[in-house]
Amino acid sequence: MNEFINIGWTKDEIAKKIANEFPHGSYVNLGIGMPELVSKFVDESKEIIYHSENGLLGMGPPANENELDYELINAGKKPVTILPGGSYCHHADSFSMIRGGHIDYCVLGAMEVSEGGDLANWTTGKGIPAVGGAMDLVVGAKNVFVMSQHTTKDGSPKFLKNCSLPLTGKSVVTRVYSNLAILDVTPDGFKLKEMYEKIDFNLLQKVTEAKIISN
Amino acid sequence: MKINKLFNSVNDVMSDVFDGAVIMLGGFGEAGSPVELIHGLIDTKCKDLTIIANNAGNGKIGLGALIGENQVKKVICSFARSPKSITFKELYENNKIELEVVPQGTLAERIRSAGAGIPGFYTQTSVGTPLAEGKEIKIFDGKEYVLEKSLKADFALIKAETSDRYGNLTYNKTARNFNPIMCMAANQTIVQVKRIEKEENTDPEKIITPSIFINKVTVVSDPIIESIAIDNGETYP
Amino acid sequence: MNEFINIGWTKDEIAKKIANEFPHGSYVNLGIGMPELVSKFVDESKEIIYHSENGLLGMGPPANENELDYELINAGKKPVTILPGGSYCHHADSFSMIRGGHIDYCVLGAMEVSEGGDLANWTTGKGIPAVGGAMDLVVGAKNVFVMSQHTTKDGSPKFLKNCSLPLTGKSVVTRVYSNLAILDVTPDGFKLKEMYEKIDFNLLQKVTEAKIISN
Amino acid sequence: MKINKLFNSVNDVMSDVFDGAVIMLGGFGEAGSPVELIHGLIDTKCKDLTIIANNAGNGKIGLGALIGENQVKKVICSFARSPKSITFKELYENNKIELEVVPQGTLAERIRSAGAGIPGFYTQTSVGTPLAEGKEIKIFDGKEYVLEKSLKADFALIKAETSDRYGNLTYNKTARNFNPIMCMAANQTIVQVKRIEKEENTDPEKIITPSIFINKVTVVSDPIIESIAIDNGETYP
């Protein structure tokens, strides 16, 4: 089934759909990797404030050569910039913003998501276990969006009845954005919000282990 | 579109308050007490309020006036007994107002923990005293600690020195006190500031309360100094 | 027995004895009232930093007319000053200093102290109960000194087998400084450290309900 | 006599460290990492150390070097897996070093709570995951929370921007991170700063770590930038 990894929306298109979702004035934390793309697609009609869990609120774009400061980095440890209206804080304060429910949206990658909203994205159970801030973000942010390919690299489903990997959080994911569909996590399971235009529902269901509610 | 949390008047920022609301008031004594916002709260005529603050007001200004107007059902505070506290005393002695006494550090930590998503924590403070009665005790390393629960509010009324349009706040000296932690612990945080800073001029190292905790800001450029006002016999409304 | 309230060391003399006890570089919190006297007697041979629980570290003397700022006050809500090297913090941070064991000495008044180190100083059980920061200070400061007249105004003992009033803290007092004696709180009870020169031990014991160990 | 916490050299400030000590290291990645103090710690040759930090070091500089010298028994951190982390990886895969994985926010709060005299607190973070296994669960308002215990240290090694003779600290940008809370949580807090400020020139509103938490300060005016040093193949000792 691994042909489905190469069809559907591009990463940029997914990022744009997520960017369009944020209301003006939202406070947003974008996970390391693919979610970082989202900030490129927020248009001028609104102002979004980006939080980086290492104590930076009001994060700007990556730093270019001539403004590089190795003490101004993001959660991925890359040099970034700060925008006017930004501020610094220590880690306990930064995670108070997260755990205290002050972040409106966080966008994270996923290895697996269950129909109950369980997320597994921190360890395969092999190698060095390393969790970072993911477990705090998923319990703290008001909306937890997953941004991910619909299947794994070898074509296995990622959106499952139950996760098989160690969890990052239980019943935490609000919505899933994949290359094939946008799925809301509801009390009844995954519910289709939008589907890639060139596939049909049967195909989508075929590459999704959990049942998708289509209406 | 630009983020702008600045409002034109005290009335504008006070529009969402409702009867029965739980309201935090910044300040330690008069320092950092949002007197003009409290007067705006009096103007709303909202009643049955629960007030979380360090003190219970002085004279008939600010919290003293709010209590005097019979808008407050309950006060949660550390120290309700001050020489110039008259309105609380009268209602309390007539059983017309409830009081929950909380040790000052526990009060601060309960507020901070609400803002930090911590529903409960253990402290040695008050163990073995009447204020620990009925609370869960747990042993850590052979010592007793009492479980204290976080304290949230519907609104926090805050006095700060400056804000930019995002709501990044600085404070003046010991007027900081409970204000930054109360900013974190309310569903809606409303601030009076002496002046607005352009965001380009705000030093990000110097911001004490980051904008994420703030909803509405209004300017009161020359706020009442409570102790002088009381000495002058001023009252509100 | 109320003649004993008028003999013994003066308040200034007691304050000086306490001031002499602080090692150079100590962080000290002085309670409202009589304990505030102590700062007047710290000599130039050492530098002491005063903490006021309302978010002021490095407190200076009371403010005079021309430097009055009603937003720079002490825990007694009186205008004060800040010394070079001082700083401001919010209440949760200020009480972290206290509760976290960072204050070397606090000096408090007392209504009653038991031989086990229990302290009662916040309410007589009548009127409006008001505790302030006393309960935090007694569990947090490394050394808790009580500064008090040896007996109540009507001559009753204040240093008791057991406190009769509602407690501020249990087993918290380290040492008692009165007009008649300095008593250490030990596992065996009050132990005499120093006695007012013009009385004898029998007299001291007579105005003290708890037994005092004299050697 | 004047308070003076300033010391002449890294060796001077590192004199009390002992075998088996629990040591916090500030920093998030290289930002705020006290590389020169860690090199001083290597020079002490103390061993069986427990290290509390966000990461487990990169290359053979700083923490990466300390681990490479086999001085570390256990690492308590949130993220020990970085592309340039080599020494930890090797020891871990050979079962020669222990690892306690702690979610980053829980790590921060456990450190802060140690400094604040809070022996334990409840958080929703990690509930339902392997990291909550064996820990006490408690229900608040119908939701499950896990009990987390405070995390103290014998020493904290801190990197700051400036200090005065009292030890009042400021930081540079996101180099702040874990440093201020680790200052609070250790029996002895040792700091390297880029420069000394006269206390008369320190703005009391701008101090991030008050002097009360600090024991020893030394100047490292031109600290190593870890990522550049690693790219240049630099190692320590």
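We call the chains A, B, C and D, going by the order they appear; numbering starts again at 1 in every chain.
Just so it is clear, a contact is a pair of C-beta atoms (placed from the backbone, for glycine too) under 8 Å apart; a residue touches a chain by one contact, two chains touch by 3 or more.
If you're wondering where the values come from, they're calculated on a predicted model, not measured in any experiment.
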Request  = Give the label of the chain whose average Cα location is farthest from that of chain A.
outcome  = C
Task = Report which of C-D and A-D is connected by more C-beta pairs in contact.
result = A-D
Inquiry  = Can you compute the centre-to-centre distance for chain A and chain B, using the mean CA position of each chain? Integer Å is fine.
reply    = 36
Task = Round to the nearest whole Å and give the separation of the Cα centres of chain B and chain C.
result = 29
Remark   = Expected list for chain C, residues touching two or more other chains, is 82, 88-89, 92, 95, 98-99, 139-140
Query = Which residues does chain D have that touch at least 2 chains other than itself?
reply = 109, 112, 116-118, 123-124, 171, 173, 204-205, 208
Message = Applying that definition of touch, give me each pair of chains that meets it.
response = A-B, A-D, B-C, B-D, C-D
Ask   = In their shared complex, at which residues does chain A touch chain B?
value = 24-25, 27, 44-47, 49, 51, 57-58, 82, 84-89, 92-93, 95-103, 139-140
Ask   = In the complex of these two chains, what residues of chain B are touching chain C?
value = 28-32, 54, 78-82, 88-89, 92, 99, 101-109, 111-112, 123-131, 171-181, 208, 225-228
Message = Could you list, by residue number, the parts of chain D that touch chain B in their complex?
response = 109, 113, 116-124, 138, 140-141, 143, 145, 149, 170-171, 173, 204-206, 208
Ask   = chain D touches which residues of chain A in the complex?
value = 52-56, 69-73, 77, 82, 88-92, 94-95, 98-99, 118, 127-136, 139-140, 166-171
Message = Going by the contact rule set out above, which residues of chain B touch chain A in the complex?
response = 1-3, 112, 114-118, 164-166, 168, 184, 199-200, 202, 204-205, 207, 210-213
